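Common to both upcoming complexes is chain A, partnered first by chain B, then by chain C.
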Partner chain A sequence: MKSLYKSAAILAVLVVVALGLLSTGVHVNAAAEGRVTGTIKLDGTAPHMRPIDMSKDPTCAKQHPTPARLENVVVGPSGGLANVVVYISQGLPASAAAVVPSKPIVWDQKGCMYQPHVAGMDVGQQLQVVNSDPTTHNIHPLPQMGGGNIGWNKSQPQGSPPFKTSWKSEEVAIPVKCNIHPWMHGYMVVVKGPYGVSDSSGSFTLDNVPPGTYTLTAWHETYGTQTQKVTVAAGKPATVSFTFKAK
Partner chain B sequence: MGKILAVTIILIAILSAVPIVMHTWVAPADVSVHGHLIDEQMAETMAEAGIAFLAGQILLGLFIWKFSDVKPGARIKNFPGGAMGLVIGAFLLVGTEVLALGVFGVKAWSEVYFQPPAANAMPIQVQAGQFAFYFRYPGPDGKFGPIHPELINEGTQNLFGLDQDHDPASKDDIVTAEMAIPVNHEVHLLMHTKDLGHSFYVPALRVQQDFVPGLDVTLHFTATKVGKYEIVCTQLCGLGHYNMKAYLDVMSQGDFDSWLKQQAANQ
Partner chain C sequence: MHTRSTTWSLLLAGAVVFAFSAACWGQVTQYDEDQRMNMESHIGKLTGHAKDGKPLYQRFCIGCHGPIGDGEGENAQWIDPKPRNFTLGIFKCRSTPTGTLPTDEDLYNTIGRGLVSSNMPRWFPLTDQDRADLIAYVKHFSPRFVKEKPGPVLEIPPEPPVTAERVQSGQQVFKRVECWKCHGVEGRANGPSSDTLTDDFNRPIKPFNFHDETRFKCGETDRDLYRIFMTGLDSTPMPSFGDNIKPDEAWDLVMYLRSLQPMNTPEKAIAKKLGLKPINPNAPAAQSETK
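Now for the complex of A and B:
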């Protein structure tokens, strides 16, 4: 009899928690209105990106008939700068900052390179680490010591299933490396609220931005950060562009 | 019961010697100039230690066979000269054996460590770090640029911490992940580690040398056969130790020159 009460109590708690989660979900959708789009350009010539010598692991080298190159600066044909993370650094209401996208971020290891090289993600957003290579990798993110995130270092042999994790607090940016393949290097940019990562044409989009005035920050691994003010009106996408200067 | 133990001990000793006497497991073919000295030394050591091992085990077995039935507390016999004689005898026997191995081994050792490399030996720097080896060739100027540890950055692949904007000697340095060398040309290896202890082991070359943190260690050898050989780390250095390796590519002089040119273009 006692155990019956116990399970009823547990069930009740679960129902309350589930209802609570559902109600936040409803609240989330209400905030999703505006959007910020734009492009990022590099002013000047991009530095030479060295080809990578993967001879240490023949299974890696075999996947690149022409050697892969470093990705510290990736510029598209139209001069757009890729791998820039744009996020709202000031002015976001707490309710919008608390929204966590349900879609997981996939961090793939393919051809012994990180795909993507730079990933934006929300605090608490699910991160799926995938190994598509016929070799063992180890994924070693190095968050700032003493910050809100704790580093880890996991091996992922070929054929092993993706593993799921997430980051606990904001951090721009967490370097990620593979100890087995020292050329593998990337960044995870963990923010609160909407973010966008520029593609090879330099364009980015921040969805679900509630109307208001914000400070946007654009971060690039080589060229650092830039900020800009932006005003978002309901139902009307705001356009912003950033230009980084080649050193 | 004692007799069964005696037979077992002798059987184990003989069976464990069989694969060694029959050469069941052999080292990869030697491709270095000095390698035969190491092989001869290894064979001598194996023979000497093997004979001593077999003699010791068989003697032990025979004693057990002979005296296992003696009543508890019964006195058997004294070693001539007592315990003191036994200790001196063992000391002389083992001491001579160890000394002999050392005296005969000096030749192999000095060939690798006491003789300086030839004046025309090709210098190559090798850097060990968790969990990879990287190599540096000095380029046309024949000089290695200085290393600035604070500039080491795997993200930009500045693996040696070179400052190519300010150090003229670094400008033409060639950094590779594979070690290519010309055949029949002496190589002078300058070794250092970026973090902790590692080891540079090329079984086919009969070369095995530890990296010691804080020390610049050197080594020289000549490869005599074109081919691709494995370089592995043999000092347990962390989680990725099992995967710490690189390849040694021994090439003809012509192939090596074009390989180096290709690598220089990739910098």
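Now for the complex of A and C:
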């Protein structure tokens, strides 16, 4: 009887190891699979971004020798539009959608601004909230009420350790605010599967995209969404570009 | 070996199917609503039933909170702060962490206590059983109460005796976690961020003025005060400080806040004796800067 238990235990361990190997194998394959790269452009003149008056909190104002500006539209020197989240909205096989990156997303409060201003993240991906400022922030995400995500509101005084959290459901996008510093605004874009966020040159990359045909969605906080079809072949990055029109 | 692994894969497939069906459960159907009429509340020895709470709700609550519990009753447009929308399952007065459901007892206490500086009165005429039934009915409006459990209840250690040291160190907590950014250096609701505050429905909201009121929104005892800042008031700008204030410091802060209030408290007498001055947030910051 005892030996039966023993063999059952060994079997269980074997199965767990095999499953582990299998899942990592899938992951490695996915990495070798396709990717989507591209750029986001803004057509027209970018709206003026007002400088932020941080005088109400001198610890904030002091960190900006030249005043920080609002970030509703951030355009690089070459006309690239930053803070656009590109994700696969249709066609992704469930196995690829279920892969959650193990790397946490860091959401920093620095200079009384959110860094990044817009973060993409996977459902269930670890989100690490950091306060690098010598002041108290309250971090207050506002997901759609009655939806799959539940809002919360936590204070993070100066010097308090980062805390970890995650989101349960897809949501484009969750606004985040700090009630203490009313100019602080940001967005968390929660999706399933690969995503990319454009940098100040407007370029983005979606990694681990299995070969196939997909609908890509590009979301921007001011200019809304755009979609495009893309076909990804194995071992060959697909290139896509989006152009948003300045209002 | 082969048959064993088949069993395992069958088990795994079963687990996947279960997880998937659980994920599909989010959608609300009429069936769910009927199910929710079986909602119960449990407060101590009392058990409340939604079906018994319904007639009470329709008599006492419907005018403000509305027939479907969305806070859009016929009186709602004349009222500020607005009546609570029960369908969202978000409540200010909780003994549970921010972002989690309140316990039945939290909701029960709210009905008995009323909410100061709002139109929500104390419901003294209702019996304990009536209130328990009402809570079950209030819970039935939100699918959250079917899908989720209340968060873990905040543990509050026994209150230590009031001492001058505690009042003083409470003031340091007040300064460190920057209560004054909204509540002001003297607790007069005039901090630098006080005039820009909005609640989660984008309506203007004022911070609590400690010199105005003897009672707080979520109770009047020292334990209530402790609970308010540790769990936060969800859907308002008041965040949860539970991660950043230790239980001992929390009692210090309670004692300092008591020294600001309009009634005579032992803490107030101590603060007077000490000649405790309001904090000056700018002075020490300037010192550390020159270092």
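Operating definition for what follows: the second predicted complex is superposed on the first by the 215 of 247 C-alpha atoms of A that agree within 3 Å, B and C clash if a C-alpha of one lies under 4 Å from a C-alpha of the other, contacts with A are read in each partner's own complex, and residues count from 1 in each chain.
Rule of thumb we're sticking to: a residue touches a chain if its C-beta (ideal position, glycine included) is under 8 Å from a C-beta of that chain, and two chains touch if they have at least 3 such contacts.
Since we're looking at a predicted model, the values are computed, not measured.
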Overlay on chain A: chain C relative to chain B, clash or fit: clash
First (chain B), second (chain C), both or neither touched by A:156: second
Touched partner set for A:175, first chain B, second chain C, both or neither: first
Touched chain A residues, chain B compared with chain C: C
Partner chain in contact with A:185 - chain B first, chain C second, else both or neither: first
Chain B versus chain C as contact partner of A:56, first or second or both or neither: both
Partner chain in contact with A:72 - chain B first, chain C second, else both or neither: first
First, second, both or neither for A:138, with chain B first and chain C second: both
First, second, both or neither for A:146, with chain B first and chain C second: second
Touching partner for A:44 - first (chain B), second (chain C), both, neither: neither
Clash with chain C, by chain B stretch, listed 220-228, 238-246 or 256-264: 238-246
Contacts on chain A seen with chain B and repeated with chain C across the two complexes: 56, 136, 138, 153, 155, 179-182
In the complex with chain B, residue positions of chain A that touch it: 50-56, 67, 70, 72, 136, 138, 153, 155, 175, 177, 179-183, 185, 221
Of all residues in chain C, those that touch chain A in their complex: 1, 4-5, 8, 12, 26, 87-88, 90, 97-100, 144, 176-178, 181-182, 192-193, 196-198, 200, 232, 234-241, 243-244, 282, 285
Contacting residues of chain A [partner chain C, same complex]: 11, 15, 19, 56-59, 134-136, 138-140, 142, 145-146, 148, 150-158, 160, 163, 169, 179-182
Contact footprint of chain A on chain B as seen in their complex: 129-134, 154-157, 159, 176-178, 238-240, 243, 245-247, 263, 266-267
